[in-house]
Every structure is written in structure tokens, then in C-alpha cells.
Amino acid sequence: MGEWHEECGVFGVFGHPEAANMTYLGMYALQHRGQESAGIACSDGSVVTFYKEKGLVADIFSEDVLARLTGSNAIGHVRYSTRWALDTKDAQPLVVDFEDGSISIVQNGSIVNAYGLKRELEAAGSVFQSSIDVEIIIHLIARSRKKRIEDRIVEALNQARGAYSILFLTRDKLIAVRDPHGIRPMVLGKMKGTVAGTVICSETCALDLIEAEFIREVEPGEMVVVDSCGVKTYRPFMPVIEQFCVFEYVYFARPDSIIGGRSVYQVRKEMGRQLAREHPVDADIVIPIPDSGVPAALGYSEQSGIPFEMGLIRNHYVGRTFIEPRQSIRHFGVKVKLNAMRDVVGGKRVVVVDDSIVRGTTGRKIIKMIRAVGAKEIHVRISSPPTRYPCFYGIDTPLRRDLIAATHTLEEINTYLTSDSLGYLSVEGLHACVPRNKSYCDACFTEKYMIPLEAEMTEEQLHLFRKSINIWPLGDRSARRGRGE
Amino acid sequence: MGEWHEECGVFGVFGHPEAANMTYLGMYALQHRGQESAGIACSDGSVVTFYKEKGLVADIFSEDVLARLTGSNAIGHVRYSTRWALDTKDAQPLVVDFEDGSISIVQNGSIVNAYGLKRELEAAGSVFQSSIDVEIIIHLIARSRKKRIEDRIVEALNQARGAYSILFLTRDKLIAVRDPHGIRPMVLGKMKGTVAGTVICSETCALDLIEAEFIREVEPGEMVVVDSCGVKTYRPFMPVIEQFCVFEYVYFARPDSIIGGRSVYQVRKEMGRQLAREHPVDADIVIPIPDSGVPAALGYSEQSGIPFEMGLIRNHYVGRTFIEPRQSIRHFGVKVKLNAMRDVVGGKRVVVVDDSIVRGTTGRKIIKMIRAVGAKEIHVRISSPPTRYPCFYGIDTPLRRDLIAATHTLEEINTYLTSDSLGYLSVEGLHACVPRNKSYCDACFTEKYMIPLEAEMTEEQLHLFRKSINIWPLGDRSARRGRGE
Amino acid sequence: MGEWHEECGVFGVFGHPEAANMTYLGMYALQHRGQESAGIACSDGSVVTFYKEKGLVADIFSEDVLARLTGSNAIGHVRYSTRWALDTKDAQPLVVDFEDGSISIVQNGSIVNAYGLKRELEAAGSVFQSSIDVEIIIHLIARSRKKRIEDRIVEALNQARGAYSILFLTRDKLIAVRDPHGIRPMVLGKMKGTVAGTVICSETCALDLIEAEFIREVEPGEMVVVDSCGVKTYRPFMPVIEQFCVFEYVYFARPDSIIGGRSVYQVRKEMGRQLAREHPVDADIVIPIPDSGVPAALGYSEQSGIPFEMGLIRNHYVGRTFIEPRQSIRHFGVKVKLNAMRDVVGGKRVVVVDDSIVRGTTGRKIIKMIRAVGAKEIHVRISSPPTRYPCFYGIDTPLRRDLIAATHTLEEINTYLTSDSLGYLSVEGLHACVPRNKSYCDACFTEKYMIPLEAEMTEEQLHLFRKSINIWPLGDRSARRGRGE
Amino acid sequence: MGEWHEECGVFGVFGHPEAANMTYLGMYALQHRGQESAGIACSDGSVVTFYKEKGLVADIFSEDVLARLTGSNAIGHVRYSTRWALDTKDAQPLVVDFEDGSISIVQNGSIVNAYGLKRELEAAGSVFQSSIDVEIIIHLIARSRKKRIEDRIVEALNQARGAYSILFLTRDKLIAVRDPHGIRPMVLGKMKGTVAGTVICSETCALDLIEAEFIREVEPGEMVVVDSCGVKTYRPFMPVIEQFCVFEYVYFARPDSIIGGRSVYQVRKEMGRQLAREHPVDADIVIPIPDSGVPAALGYSEQSGIPFEMGLIRNHYVGRTFIEPRQSIRHFGVKVKLNAMRDVVGGKRVVVVDDSIVRGTTGRKIIKMIRAVGAKEIHVRISSPPTRYPCFYGIDTPLRRDLIAATHTLEEINTYLTSDSLGYLSVEGLHACVPRNKSYCDACFTEKYMIPLEAEMTEEQLHLFRKSINIWPLGDRSARRGRGE
């Protein structure tokens, strides 16, 4: 129900006369992957300029700012970050000076041994100005004794474990690396027509907007180096089994993006069909929770033959903040976004389809709102398995104790939601819907974390570590030192 | 395809401890009726405070501003206005001092004899600071020799012809008036539970958000007076045949609003069904232009049995302004909002459903975009008749020469759109879908303007007159004086 | 001590290719006459555009805004207004449409019979959107039955009593009028060199900045009409004795402006010399309260032979708002602006010179601050007589009860200030310093109000009437109606 | 003439319940030392929060922001930076995480071997996110193998040469260090009364505003450590001859600050007296260039007996940006700030006093403006020696080729300024005016750079290195690498 926070989207272009503008458009198309801050770094071959700010891409980048981001190579980033950040220190790109000149970096993903690497680097005298993983990676690159930047990057990333789709921009190269498990998506495209330009970005929807041709996905463990001589590819990492995040299909990716050869929309419809097979119900209408539940609801309707209706209307002018009335309004938080229609659901047995449930609080409000306008029965159908485990590979999930499916049985969840029945897609069912040409990470459903976490850290520690944005838990740090001695 | 500009939405509340907050929420729910400026005037029984600004409701009103709008009575307004306005002089509410104290006004609609009334008032020594109709009405009220404000309002409105749903806020009264033809919607509601409060506003969706109970529509020609003694109703105007704007069902109203006893969503679905009956086609899928075309497309699919699909994906982060790349991108303006999915429409015979066509330029881009991803056939189906005549009753339509259906045959439009076939709903079909308990204005389809326009003005003069926002065409004015002599 | 609030500064230019830019510069030079809001209206001979906003001239007008204010004729205004105004409705220029086309107006001054005129106009059906005098004047102009705008203006102003220096901008004319008493300043200038352009504005310092030549003062009761045929002058009003505001010399005008043939700086120095003659004292140093007290302190030093020193240092970065610490800091409000220097005043007998005292609270803090760094004696010398009466002619003075000199004897004031002695310039002494070629209004010192106020209103009523910005005292208004019947 | 750019002001407070508020006030009082950006870091003993932004202190820090800066220990910084910075990366405080926890730093000064240290650190694997010296220092601290933070700081600073007054804030300590030469000022104060709190800041004027008691100057080479046990002092550096920047007396410090036991104002007056002794002239009046020239002009007047006048009036509403008219206005840049008064200087032989001359362009405009209003003779007197050499110790001076005194004889400068005579204070004269209890750096006048610069860098390289804000000269860097190999 739209409550997962994707960490990032990345976009890079090399050799295009309007690099900053193309990056702006690409980030705009990737805005669904992060709405809190955005940034662009641009290189004209000798000077790097960059700009990053809190807010939406279309609000941050004025013509004035774009005009000052000159050069034919650029990388950009959209990011989810916490609402209480006072500044932009955790925004990307990270732009630094090191032995070899300037380098700019954007990342989608998460380094699971970041905590340990940071401690080691600090012990060796490194200082950190942010709490983002790429700052760790850049330190590793800077400390590498290799000559070529490609070798430095490989050496650095060989020390890091985790999920990452990273773009590096140096004076004369755009370098893309995807972790060996290929957890986060990354695609390669080419500007069409007479204009040159190689594009590497998170999803194909960004290629569509700028009319770039989709060439292929960057493969797990691949390093793509783009420079004035063309595009070269390397396989510098030990091959492992691909672990593409199955939740990209469930919720994160835009429905019009192509992953594994199929549009996310079609895969979601198939999940809805499979859901109908697994959890049929005798009902009058199928309604989605807009917009995330729409494709699965269409699939459920198609498979079950129960008519599809838009029983919940979405307000499209939802602002960033909203002033609540002092007097309580029932289901207020949800009503600002959605309204239930009595003459669609009234007196009906309703199947409500959504992609997933996080805490369940929003879902409960929606069910109650539908009931309040007269629905006779409400059957909740979720087009993914129960999410019982946090993601450590690039998604900002709540702690386990806050995931309703981690702490409650299905029956309890059904009771909490106040629904008449509840059905989740099975893990097997999910796997049956996604393309066969990939293998997947489904740890959030199965606890099968294929990339080992740091032994010494509890989930909560990891969580806090990754949340330590803008504040420095000095007490914790010295406590740790005490432990370390 | 979302290119009509509704002029306004109005909201008023009387006798509620959080009047400004409720008005803020109500305007938020009515934001689809106008996105350019918004304002609230609030009375605590002795002092009126107001605030109006350019922008969206959720952006304009901070907690700080709302806290300064004190009192238990308030009116609010959302407005479409031109992008080149330097200031807020044409924003509403209009708050003035006159013989009888202060009065605040908001209006949805358009006075068709405004031009003549303004000339007469100017000749009598009135001055105008804006180009909005309510300033004319307030002058007529101020010049009335009646004692009671209700009588002044009636005397004033008896001189005005046109479409109007107006709210007046005086020191101790909230007064609502709907023109005798009842062209623009207006409903009456009551706060539920122990909190008092009468609400009058444009659409029921605003009642839903604040959990007010829908009582009934304010009737054509009715004046509702709310004060501390309760709610009184008057019928001060000569009764005429109701002329409710049928386009409110087609496009303007929010789908979850109830008008004439039915949700707009259901009426739109019925239009889609009727469209399928009138213009059947052998096709593989039905896709809407989101979001306005969704209900009609569902109806078309239901009636025809052709599967419904979301073939166009909408970007939800569209900003107010957008910086275009210098290099041309095909269908750029449309691509920023929509993306067509190859693996949904590719190789398919596609029915594309939308509510209406204005200039056709956007439609043409969308058709070409769908064709570009491989659609085999594209059949455009419009869930309203061809819009051939401008609206003078509160909608900011282009001049006739810019309405494609006014200047081209259906065949020519089909050719222009590059579609394989084109079908519009018939006028009779449209009337068959809307509730029978109302009669309708369909002048934009039929040229049957039931409220006569000013004899002396051409369409273009009227248009310019209504467009004269923020600039004073001094030359024109003295030219006119010259002509008049 | 800088606590008087001048109401306005005006600036107009006719026939200059960069009219808006020149007006921007002129208003910038007149910024000392009002810091709360500013506005420009510009005419290109057929279209009027305008912009007004809260804030300082240099902050409000961007290149973007100035570029949209096209045309070779313009008027501008700077204004003091209350800090609690939520919007700009009382900002000037006022731009209206009336029978004769568009007209824009800016004013410096105050109409003393505004209350009665407003009541009469309201009774005749006029409506008011602001509480500024020029709205009353524009109604009188609009209701005039004369043909020529010049005649309309004269007829309107013949009904108004008070202090006004007004600029009108019509399609093809810039018209300046100064009230018969000539209370507020107004000067006429001409652009130098090859660029044409006539300028009329409040003070000569605005001419200096744009390098216009000072021609002469607009005379009391004069009407200057500038159009494409040149500059014409009229004397349409009954001549009366000139009553130029002597306080313009004391405090309001910029020291570098020339009024009555002498720079305000030299007149202020002479006031300081005269003050030394009237109130000599045996002391070690003379220090001004910067910046307003500097010229008089120099004069006092020159006459007395006591050395001049800068014993108080001013912080030049004072912002609009300032966040106070919770913990009290002595003399905090003053310390943010001024700091006293121990090694200048320590152990010294100090003469502190300022132009005037309003409430005395700031003065008291300053005296205590000087004492705290070791001054042995502190002798306050004020270069104007005690201000005992409010100004109704264009200055926003406090009520009498808040003027310390109106309610306390000199001895009591001296005690309150904690000074060792206190001396004010005598009324005769003041008149001896200002140019002889003018006669003066000194009502704030002498209560000799030469323009009669409205019989029926008390000072407080007048005050509230003039303060009724942004709020409508509905209760008062209807109470008044009750009284009137 | 006000064209030197001081790099910074620092302020720190330990053990005060309103640490952020006090720092805000202190920075406000130090605003003259840098107007481009400001920042505060605050520690509550376990968590550090910080905020930095472009703009003036009073504009940046709202009550909302200050409320979020919690804790009883804080440091703050005001900074001059280049106008073309797109972001705040070079603003201070710099807040980093390192082996020992969090540390925040602010600095006034300049490390002359920064370039070499940065290269060494980069070679050892450090990365840099800004171009500010404190980032180098923090790397040296982080790489130190000492245990105690005090020892780390000493080890780090022993590698750095230059001028620095630095404040460090750790979890439980406020540490101040002043370079052994004591080039930049730094003072120690104590909150008065019952409230605890130790303050360390750049100038005493900041102590005055918050009513802290001045204890003493932090001595050259001293390290002051403030923690919950009290204030400790260390002398960890090799003692050298004090080299206090004499230009602090000439221009940088606020006149009301006490340095070396005397107010800067009194020292400046003495410079004026000495100037009159060295360069007497037969003239009618002495006028300062306000405000920087006022004290010296008073001294000149006192010594020479020539009357002091304010012949130039300053506009106090100068904004940050100013839109120039397309049509040229003579002396425009200067006129926006200053206006010359004909009836003060007309027909007079005028001595114009200022503190220094940088490029001479502004001075030339001022002289011409004074001449244009009728001055008979203009004698320029400068209260410091000719500035012929750039400062490398914390002041942002132009390159030598842009310093008029570096490239022209006095006669040539006099000709360029169009003055009738020109006199600079002698170096000996300057030294005669400043307190004897200090010894001084006067390298900008004498080229006696007591702290050696980096051998390998030319002045221009150093300049560019220090200017490399927000852009990375990639080409240069790799070129350098080439050279280095």
C-alpha cells in the first residue's frame, strides 16, 4: 500500500551534448524510486559541477541551475531520505577529490558490511561526512594502490558485500558496476538517431522518456566502462548465483519498465491471476488500492471473472505536508488520499487487491472506510507473500517487530484489518509469475539472505546504523570503543 | 484529455469551531476544480481575516497562516487562472467594505452580461480592481437601496444573467445562491456527531473528506441563508428550466462525487457502455487515457467484452513547470506524463477511450506514441459528443477556431489523430446516461445556449473580456468609448 | 531614535525607455521612507502592468519581474505598513479600471476627512477593498461627471482635506498633485543628456541616483501634467498658507536631499548648533545616536567646541526579525543594533544627541548601556522640540498617551531616561534653523493643526480607522450604523 | 574602501543552557567577518546536530531551526565565500565521524602548506569533499595514532603551517587553538551572573552582545580545553614571535572590539592623527568614506583642526544583488551605496579619508562623484600603508597584479584616482599607532612573510588552489600528476 521506501534511482549519460538535461529527464522518470532529494554531477572533461537538493526533481532543477551544469557527461540520483534531515549531506552524487582527481558517485543499493568497513577505515584514519555507503566505497577506492581507476574500483568493491548498482563519473569515463548478485536493476541504452550518447540507468522507463534505445540489462557482476573510445565490458568479480530482488516486480519498479524481458505490469497482472487461483472467493467486484494494486486487481478480475471496478478514488493533489484538524476525523490519514464510493461498493461483496502489507495500519483504515460506505463483505487479497523479514539490500524496511506479518498469524492480521477474509500469494506462486530467465532474492518473505550480514550486529543495530543520518550517536560510538578495547 | 480548465470550486462552513481548517480540507478535496490560486476568508462574528495566494491548497496554507484565520465561519475558493498573472488580484475570496459592513464572496460560474454591467457601473462611477465577475456583483449589492443583505443580493443577481454558485460571508451569515438554471453544482451538508456546523460546497467529495453528512443539493434559483438561528431557504428568482452542465458528468466533477443521486463514476461508466453500443469495434483490448478516461473505458470494456488494460502508464510526479531539452524528443509534452507499454499494446487492435477532445494535439501525440510501440490498429472512442461550441457559463474553453470538432469533420479529425477509426458518443446517447431527474445544458455540443449572451459582443470579444486578467487594454477601452459615442 | 514611521515615498517617470528600471532605482533611493512593501505600475501607452509585494525594493524586484513591467511611463511607491498584514491589499500603486479606462495611483500623505468621505461613498454604493486613502480618491474621480481626467482629479481632491503628494498614471499622462498646504515634499526633475524623461518624486536623493537634474519643487497646490506634448502646470486649488512638515527636516528626509534650497544635512547640523546655544553643558565628548543623530551631534560639537566621537557602534547586519534568547539580556533590543564603547565614554561627561524621542523606552536602554560602560555624566540633547501631539498628515505616530512628552514633564522624562540632564530644542530655535523661504507645520510640537480634523472623531477613532488594515471591524461598523440612524 | 574579504569569524560556548541561541547571537555580532554563509553545530553530550546555509545569520536561523539545535555546547561560524557557489559544501562547521566519534570544527585563518598536505593525504588514500583547510586538519587528526583528542590535535597542527584560530567541539569538550604566531584574533569570556558558560570567539564585540565578561585573549600557540571540569590551558607548540595581523586594526575588526587592550576605534583614530602628522594639507573639510573611514577621519580632523563633515551619505538598504539599468549611469556601482552632497563639499578643498585602497576602481568613482558636485580640491588620505602584497594568512586578497599599489607608483595612483594629492600612512607610522604589547604581521605592506609559503607554488597557483570552490579542475589535477611523475 505504497509504504515501502526504495532507497534510490540512478541515471548516467556519456557523450551527449545535453547531458544535464537528459539526466534531469531520466531522474524525473525514476522519481518513483525516491522523492526526498535529488542531485546531478556533470563533467565537461575538465571541470565537475554538481547540484543536489531536497525535493522533487521538477522542483529542484530550474533552467538556471541546469544551465550551470555544463558538459557532455553526467550522473544523477533520486533518493528517499528521512523527513527530519536538516541538510543535504546524505544526498547524492557524492563528489570528491582524491589522489587521481575528481570522482562522482551515485548508488542504488546497500553495503551490508558497511559498519565493519567504516570502523576499519576510521581506524586507518579516514573521516566520514555522511552516513551513505558510497562514502565508504570512495574511501576504499582512494586507498587502493592500483593505478587505473577501473582496478581501484574493483579492488574497493571486492571488499564490499551487498547490493549495489553504482555509477562513477570521472573526468573522461562513465563506469557502471552491478553487484555480482545483481540485486538492484540497471540497464544500458543508446540515444537514437544522429545524437550520440550512452545511457545507463535503473529502469527502462527512463530510456523511454528520452527516446533512448534499450540495449540490454547490465549483468550481475558486470563493469561497463564508457569513454570516448566506446563501451567496454568487464567481468571482474567472482560469479555467484543471481539474486534479483523479486520485490522490484511486486512494488518498486514502474509498471512500464521492462525487466527480464517482460513489463512489470504484465508480471503484476500474472501475480493477480495466480492470486485468484490460490485464493478464490465468491464476490461481486474486485477493486484495487490505487495505484499500486491496479495491475494485480486486473489480473485477479480476469482470472476470476469478477468485474473490476475503481471503488477507491485517489486525490491527485496530495502535498508533502498536510495540516491535520484538531478535531478527529475517522480514517483521516487515508481519506486525504483516497475516498471510497458508496454506489460502487455499497451492498457488494468486495475483493480488495493490493501488492503488500507493511504495518497494516493504513490497510485497516481503508477496509473500515470501505465498510463505512456499505460493503457487505471485504476480502483482502495480497499479490505477494507475507513480508516477514527486513531487507538489507537497499530498501528502507521497518524493523521486524513493526512488520505485521512477522509478528502475527494470518488470522490475526485478518482480524486486525477487520476484513472478512485475507489471502496472500504463496512464495511458489510468486516465483511462477516472474520470468524464468532470472533467479531471485526473496529474503523478505523467506529469510533466505544470500549475502551474509555482519555477524556482530543485530538487526536493530544495523537498522540504527543505516538510519544514522544527520545525527552522530556520540554515546554509542564511545560505548563501542569501550567494547572494542 | 485533461485540457479543460474549470474555473472554480467553492466551500463554506458556518458555526464550526475549526472553520478555517475545515475550509482548507474542503478546498483540498475540490482542488481538481482549480489549481492556480486559492483563498480563505474567515469571520469570528466581528472581524474578517483572509488569505489568498497562487499555488495549490496544500502548499499555500501553513499552520501559521491557518492559525491566524480565526472564527467559526469561513468561505474558500480554488481557481484556475492564467499562468502569466503577476499577482493575486483575481484570486478569491473578494473581501470588501461597503455601506453595510464587510462582505466576502466566492463564486463558481460566469456572468454573461458582465461586460455590459461593468460598463454601466463604471458610467455610474464604480471602479474595478480585478476582472472577476464577483466584483461586479458586489458593486450591484453595494448600490442596492434595500435594507437586508438578502434583499440586496437578490436585487443584484436579478440584474445578472449567467451561471453562478455563489457563497457570501457576512458578519453573521453564510448565504449561498445558485443561479435559476442551476448550471454549476452546489450541495448542502451538515457536520456529523456532536460538532455543529453547516457546510455548503461545490461537490460531495468535499463533504466526504471532512465527514459531513450530505443533506441535499442546493436547488436551482435557491438562496440558502445560514445564521445562528439555523438554515433558511428562499426562492427569490423567477423559475426557469434547469440547465445543469452535462460536462460536469463528462469531465469536471470528481468521480466520487454524487450529483443527481448518482456517482459521477457510475455515470461515466454508463457513457462508456453506451459508447460501446454506438461505436462497436472488433478489437483486442480497451485502454483508457489515464486518469480521466478510466471509468468510460471500464464501461466500454464491460459492454463490449473486450478486455480492459492499462496500456498507458502515468507519471505521478509531474511538476508545475518542466524544462524542455533543446533537442527535440518526439511526443515530448505527452511523454512527460504518459508512457505507452509495448508488451500491452504491441501487435494488438486497441480501443483508446477518453472523455473528450479539445484541440486534438495531445491526442495525436498519444496515438502516435501507442502506434510507435507496435499497436496494430487504434480505435479512438470519446465518451461525449464533439465539443463544437465554447462555454460561456464558467468554463475556460478555447475559441471556436481552436476546437478541432468545430472546424473539422469527424473524418478529418480521425486523419489528424492518425487513428484507424474514431467514434464520439451521440448527444442522445449522452442524455441517456445521465440521471433523468435533471435537465441539462449541452450548449458546448449543440449550441443551444439557454442563457442569452450579450448581443453586442462577438465570441472573441467575450473571450478577451473574460481573459483580461492583470492587464488593462487601455487602447481598447478608449477605442470602445470612441465607438460608443 | 529612528522609531517614527513615515508612510510613503513616491516616484514617477514619463517618457523614458527604461521606465520600470528607473522607478526601481528611484524607490531604492527612497527606501528610508517605507520598508514594508513596494510596487511599480508601468504603462506602455496601451497596457498597464504592475507588481507589488511585501519587502525591500532590492528584494522584491528581480530582473524577471522588471522585464515584464514594460513601457516608458511608470510610477512606484514604498510604504510602511503593519507587520501583521497577511497580504498586499494595502500596498500601492492602486491600479483600477473606471469609466475612462485604467488609472494607477501612488500617494504620500493622509486625507483627514477620509472617514467621512468613505461613509458617504459607501452610502452611495461604493465598495472598498483596502483601507488606503487613495482608494477613496479614486472613487471620487470615478464618480466625477467631468470629461477630462485633470478636471476629475481636481473635483475629487477639492472634496478631500489633508496632506498629499500624489502621482497618477493614465494611458498617456503622468499627473502629479501636491496638496495646497504642501505638507509632504515633491520635486520635479529631468533626465540629463540625450535620454528624454521627466521625473517627479518625493526627494532629490532619488534624482541623484538616476542622474536626473533637479528642476524645482512641485509647489503647494500645484498640478503638473506630463504627456507627450511636454510638461504643463496648473494651480487649480484655492491658495492657502504653506505648511511644509518641519519634521521632514528633523528626521524623515534623507540628509543628502535638498529641500527649500538647503540640504537636510546642513539644516540638521544647524539644529545641533542651535541646540548647543540653547542647552550648553560642560562635558568631555559629544556622541550621536547613529545614524539619525549624527548631523545634529556634529553641529553641537562645532558650536560647543566639545569633541565629537562615535561612542556607539552600529551593527549593520540587523535583519528584519530577530530571535530573542529565553534568558534575559539587559538592554537586549538595543544591543542588537548598538554597542557602547568603554574606552570612548568611560570616565567621561558625555553629551548624547538624537533627533527626537517617541516613547523613551529605547532612549532609556541606550542611556543605561552608556552608563554601564563607565560614563560619568550623560546629558541628553534632542535636536527638536518635545513631540506632544500625533501627526494626522501622513506619519504613523503613536497615540498621545504613548508619546512620553505628551504625558510627562521634562524633569520626569529626564528621570525616566536616567540621564543627568535633558534639553530639547525650542520651537523658536527649530524655526530659526529651517529655510526662511517656506512656512511650516509644527503641529506635532504645538498642536497647531492647520487642516481641521473631522469633528466627530476622537484621536483614537481616527487612529483605529487609519490602522484598520487587513481586518474589518464588523461590530464597529454596524454599531456606527445604529448610531447614524 | 570595504573591498577586502575576511574569511571567517568563529564562536563557541560550553555549558550554557541556550548554547545554540548564544552562538546565533555571537555570530550575529561577528557578521562583519563573513556574510556569505553561516553554520552552527550543537552537542548535547551524546548527539551532534548542525545546520549551515548560505546567507546572513539573521536570515538563516529561524526559531524552528534553532529549536532543533539542542545541547549546552555549540560552535558557530560566519564565512565569506564566492558568489558562484551552488551549494554549501564549503560552509563550516565541518562535522565528521572518525575513529574517536564525532568532531565539529570551525576555523578562522589559512593553512599555507595546505596544498602539499592535501597531496600527501590524497597519496595516502584520503578523499576530500570540500576545499576548506579544516578538512585537511581533520584528516591529520583522524590519522594521528595518539589516544587523546588533545594530542591528536597537537600532532595534526604541528604538521600545518599558517594562521589559524580554531574551535573543536567533541562530545564533551570545547577546544580552542590559536596558531603560534597568533595571527587571527581569539578571545576568552565567561557568562556573567548565575548562568554558567565559557565563551571563546573571534572578537570581544560578540561577548558584549551576550553580556559575557571578557577574561583575556587566547594567546598565540595556546590550546584552551573546556570541559565539565573547567577550563585548562596548554602550550603545546614551539614558541615563535607573535605576528598579529595589523590589518585587523586597519579594517577587519569591528571598531568596538578590544584587541591588545585598546578599542579598535581608538587605534583607528590614532592612525588618522598620525596620517595628519605625516601628510598635512591645507583644506576646508575632512570627510570619511563611510563607514570604514570614519574613525581615521575623526582622528585626522582632530589632529589637523580641519572640520569633520559627512560629505558622503550612505544608503542603508543595499541589497545583496542589484539590477543595473541598461543605460549607463556614471559611477553607478558607487552611487547605489553613496551619494555626495554638493552643499557640504561644493567649492571646498576636501580631505577624503579611507582605511585602504585595493584596486582603486571604487575610489576613482568616489573621487569623481565628489568632484562632480563641486569640490575644488580633493586630497586622498589613506590610514594604512600601500597594500602591495597578497595575504596568505586568512584574507581573500586579489592577486598582486590586481593590487593597484603593487603595480603603480603613488603618483600613478593619484593620477588614476583623479585626486589632487594622495598620502598613505607610513609603515612606521602604523606601528606607532597600534598597541606596543603585541608584535605584528605587516606582510601585505612589507612582504615580510614570517610563515614561509610552499616553495613549489607560485602566488597564482596558491590563489587558484584556495579558490577551487565547488569545481574540480580535473585537467589541472592530472596535469599535476604528470608533472609529479
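Which chain is which? They are A, B, C and D, in the order written, and residues in each are numbered from 1.
Everything that follows uses one rule, which is that a contact is a pair of C-beta atoms (placed from the backbone, for glycine too) under 8 Å apart; a residue touches a chain by one contact, two chains touch by 3 or more.
These numbers come from a predicted model, not from an experiment.
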item	value
Listed pair (C-D, A-B or A-D) duplicating the B-C contact set, over half by residue number	A-D
Whole-Å separation of chain centres (CA-atom averages), chain B against chain D	60
Whole-Å gap between the CA centroids of chain A and chain D	46
Distance from the mean Cα position of chain D to that of chain C, given in whole angstrom	38
Where chain B touches two or more other chains, by residue	none
Chain-level touch network, classified as line, ring, star, complete or other	ring
Chain D residues touching chain C - in the complex, by the definition given at the top	17-18, 21-22, 24-25, 28-29, 31-32, 35, 56-59, 61-63, 66, 195, 205, 208-211, 254-256, 258, 262-263, 265-266, 291, 294-295, 298, 302, 307-310, 313, 315-323, 325-327, 329-330, 335-336, 339-344
Residue ranges of chain C touching chain B (in the complex, touch as defined)	43, 45-52, 65, 68, 86-88, 94-102, 118, 122-129, 131, 138-139, 142-144, 170-171, 470-478, 481
